[in-house]
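The structures come next, written out as structure tokens.
Next, two complexes with chain A in common: one pairs it with chain B, the other with chain C.
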Partner chain A sequence: MPKSYVIETHGLTKCYGSFEAVQSLSFRVSSQRITGFLGQNGAGKSTTIKMLLGMTHPTSGTGTILSRCITDAKANREARRDVAYVGEDKQLYGYMTVEQIVRFTKSFYPDWRSEIESRLLKQYRLPLDRKVKALSKGMRTKLALLLAFSRRPALLILDEPSEGLDPVSIEELLQALVMAAADGTSVFFSSHQIAEVERVAEHVSIIDRGKLVMDFSLDDMRQSYRRITAGFATQQLADRFQIHGIRKMQASGRQVTLLATDNADEIVEIVRSMEPVSIEVAPMSLREVFLETVRKGA
Partner chain B sequence: MLSPSAGQPLYLQLMQQIRHAIETGVLQTGDQLPGIRTLAEQLVISHNTVAKAYSELEHEGLLGLKHGSGAYVTAKRGTKSRSEKVRGARHRVQVFVQSLRHEGLSDEEIHRLFEAELYYPAFDLQKS
Partner chain C sequence: MLWYKAWRESQARFLLSACTIAGLCVVFVLFHSQGAASAYRSRTYVEYIWRIVYKGYLREIFALLALLLGVGGLRRERDYGTAGFTLTLPVSRLRLVSIRAAMGLSEIALLSFLPVIVIPALSPLVGQVYPWTQALEFGLLWAAGGSFLFVIGFLASILFAGEYTAAVVAVTVTLGYSVVADRPFVQRYVIDVHDLMSGTGTHHFQPDVFLLVGPLPSAALSIILLIVCSSVLLAGCITQRQDF
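This part shows the complex of A and B:
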């Protein structure tokens, strides 16, 4: 069971002028598992990742990546040796061919895994003699992934890795993530593609408008999160539903919808005792949880 | 297939499918299961999920684990009568679902009813 953390932040904040892209973000990512970082476009995912990687300096707050301080340039450089990053803008040398960039990157990493390199070269069907700048977006992403996976890093950070990939390539990407994790790499990937996060991630952190709004294990969600819809013959007072475990309550007319993140069995019992005319309990998908969470303030 | 959106942890879903395969005789004593890594790759799920399912099934005495993450079926006999039971039950469910469809219920509704009954057994709304 994972006990240590590969990422930890404390009050991490980034302002651009008067705009707070990331607001006092404190969260942790456990080692040895796959964590999804979910949020809408512009929620602050990329800014957070760039701060973790020392690519942009936080306005305030701090954090560690592989136990090394992110605001200390030297420590961050050290950490980066064991961290692979695949960003939105795949920064690759455009003038090199695929073969050249693979050989070039390999020279920096003594622990390079040639078997992963050759397996992915074949699987991704990357043209060895083509210049990087002549590759399509999807091909470039695959090349960046190949370079990252072959290093066998302790921590793999990906920012919207499936952007620009077709369905087959997305499947291959998810498979590669799962394999990297099985080989001992901790994976942290941002995405706004809920379905892919729900499939491979074990833990999810949701960020909205620069703030961390939810942080949970997906198996906990499957086990404990329930939508309880009850119909009543008379109007119900909202304060009757202040029960432990209810995260959100919505009443429209005589129908009450409760979102429970815990304690669902007891909540159902209590609601039943209020003599509803109908009651329905359904599990929640990550899509629902996400939409309910980010819409909350809207 | 595992369903990421079903209201049940993935490792439990995986356990059920393996258990079901043993009960119906698709998997039999001595049969090899894929290694943790291989099954994780095939199902595109985390290796932690597979590892947890395997280790729970080992606790139940259905699987034996080998070094190098392999697993094999150790289920005792008597599973045959079990598989017959399951087959019989399946037939009854089939007939029952058919009759609900005849009454005009949609598959979606039937699904919800089954789920509600399994997770939250029905209670009597009308107080007598």
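This part shows the complex of A and C:
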């Protein structure tokens, strides 16, 4: 069965004057799984999401969201019927009460699931008569999630969802994402919090300075990504380590550190054949992969 | 429900405007018998009402309120952080803009007709009579002039971000327009909405009796209607191209 993608972009670019916020971004997000969109502050995550949702017009390039063209206003509007978005600051209409904003949002989605709404209202303990502006950020996030989940979206997009939340609220949020994915919703969320991406995501796309620098599944990372540290009696030439699968090589005196994203076993054998004094092979965490990737661009 | 949203967003400004206009109408009518008429050098009650309401303070206040009612929309929502929520609803930007405009223009129409109700209704309390037909005709002129001023605020808030920038720009543009429209060499080519609202810019105003006589200036009203509709359409087109 062919793999289906909920998001696809081709050469997506956004310029603000001479500044390129997103540079020729081409990537795909598979359906029915959680994809983390990782990057530093200002890397271009929010701009990409805004282009996907039709809030911002790309300077060039194109893309699809739920197979509908993002640059076609009508198609994008159609796609938004099946997409839920939770923005970074989770601001909702402060002048409405919880009940009013639920009723307001419900009116746009014929497939609204009242049983989910009732369950989440109870679970999140949201006071129906309280004005949205009187809610804490944690409560606003829960309300935004309620509005998102009650419409049973095919795709849930969240921009820095844990920003400004306390640890308990973050935990509840991550659990909600996992449950949504288990129910068949594709989840795409941007973050610069590596730990939470590593906890819930199945696939990670790393963006740095507007460019996609890595795109991999976390299972692949755990299985194949290795840090190989070898100590030699004499200083080694960098040319000797031009081996398939090595993403980065760092030499410090007589010690060489290799980051292998593929072909780790063969790389270790080749390094062993160079008769090192010591060799250490360790799996890599997402934090290491991320830092090495974005530092590489520095 | 977009109507509900548009109403809730303009509710406070509209109610404040309505209270101001109705309250001032009440004060102007009731204070007529306490020397206010002589202070405005009015020989008759009709002249007094014209000088203080349709030509004077109340018209100026109405003009300012109409401008401020036009301010708001998606740019303002971006400042408040709610634009993301609004723009991801499955509705077109043109629909968002047109519903906000329709709500604002309806509110302008209601404000225009407050003096129509209050002045003739309260006049008997001070032993005076103000003709309902006159009030109604001035109400129509105010609705047209107010709509014109509303779209200035509306367009300013589409083009300029910032809490107060759009309001300041709208007031500045209106002042500039008022000055230009008053110039003798421009008067014959440009409709002065202030004169239209006071009746002095129409051939139907009789300055000796301070009454509108004959049919309303349909050509001027049609041009204003055209300008208002075109401006709302332009606002929709601009909004569709904007980044949020």
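Points worth noting:
One rule holds in what follows: the second predicted complex is superposed on the first by the 294 of 298 C-alpha atoms of A that agree within 3 Å, B and C clash if a C-alpha of one lies under 4 Å from a C-alpha of the other, contacts with A are read in each partner's own complex, and residues count from 1 in each chain.
Just so it is clear, contacts are C-beta pairs under 8 Å (C-beta built on N, C-alpha and C of every residue); 3 or more make two chains touch, one makes a residue touch a chain.
What you are looking at is a predicted structure, and each value in this text was computed from that prediction instead of being measured.
With chain A as the common reference for superposition, the partners chain B and chain C occupy compatible, non-clashing space.
With both structures placed on the common chain, the touch criterion links A:I116 to neither chain B nor chain C.
Applying the stated contact rule after C-alpha superposition, one finds that A:G54 touches chain C and leaves chain B untouched.
In the superposed pair of complexes, A:E198 makes contact with chain B only, with no contact to chain C.
Of the two partner chains placed around the shared chain by superposition, neither chain B nor chain C is touched by A:I206.
Using the contact criterion defined above for the overlaid structures, shared-chain residue A:Q175 touches chain B, although it does not reach chain C. Once the two complexes are laid over each other on the shared chain, residue contacts for A:G87 go to chain C alone; chain B is not touched. For the superposed model, the angle subtended at the Cα centre of chain A by chain B and chain C works out to 150 degrees in steps of 10.
Across the superposed structures, the minimum distance from chain B to chain C, using CA atoms, reads 26 Å. The touching residues of chain C, counted against chain A in their complex, run 1, 4-5, 8-9, 80-85, 87-93, 240-241, 243-244. The touching residues of chain A, when paired with chain B in their complex, are 32-34, 171, 174-175, 178-179, 181-182, 195, 198-202, 218-220, 222-223, 225-226, 265, 268, 272, 275-278, 280-287. Contact residues on chain B toward chain A in their complex (touch as defined above): 4-11, 36-37, 40-41, 44-49, 112, 115-116, 119-120, 123, 125, 127. Against chain C, in their complex, chain A makes its touches with residues 50, 53-57, 73-74, 77-78, 80-81, 83-85, 87, 89, 91-96, 103-105, 107-109, 144, 159.
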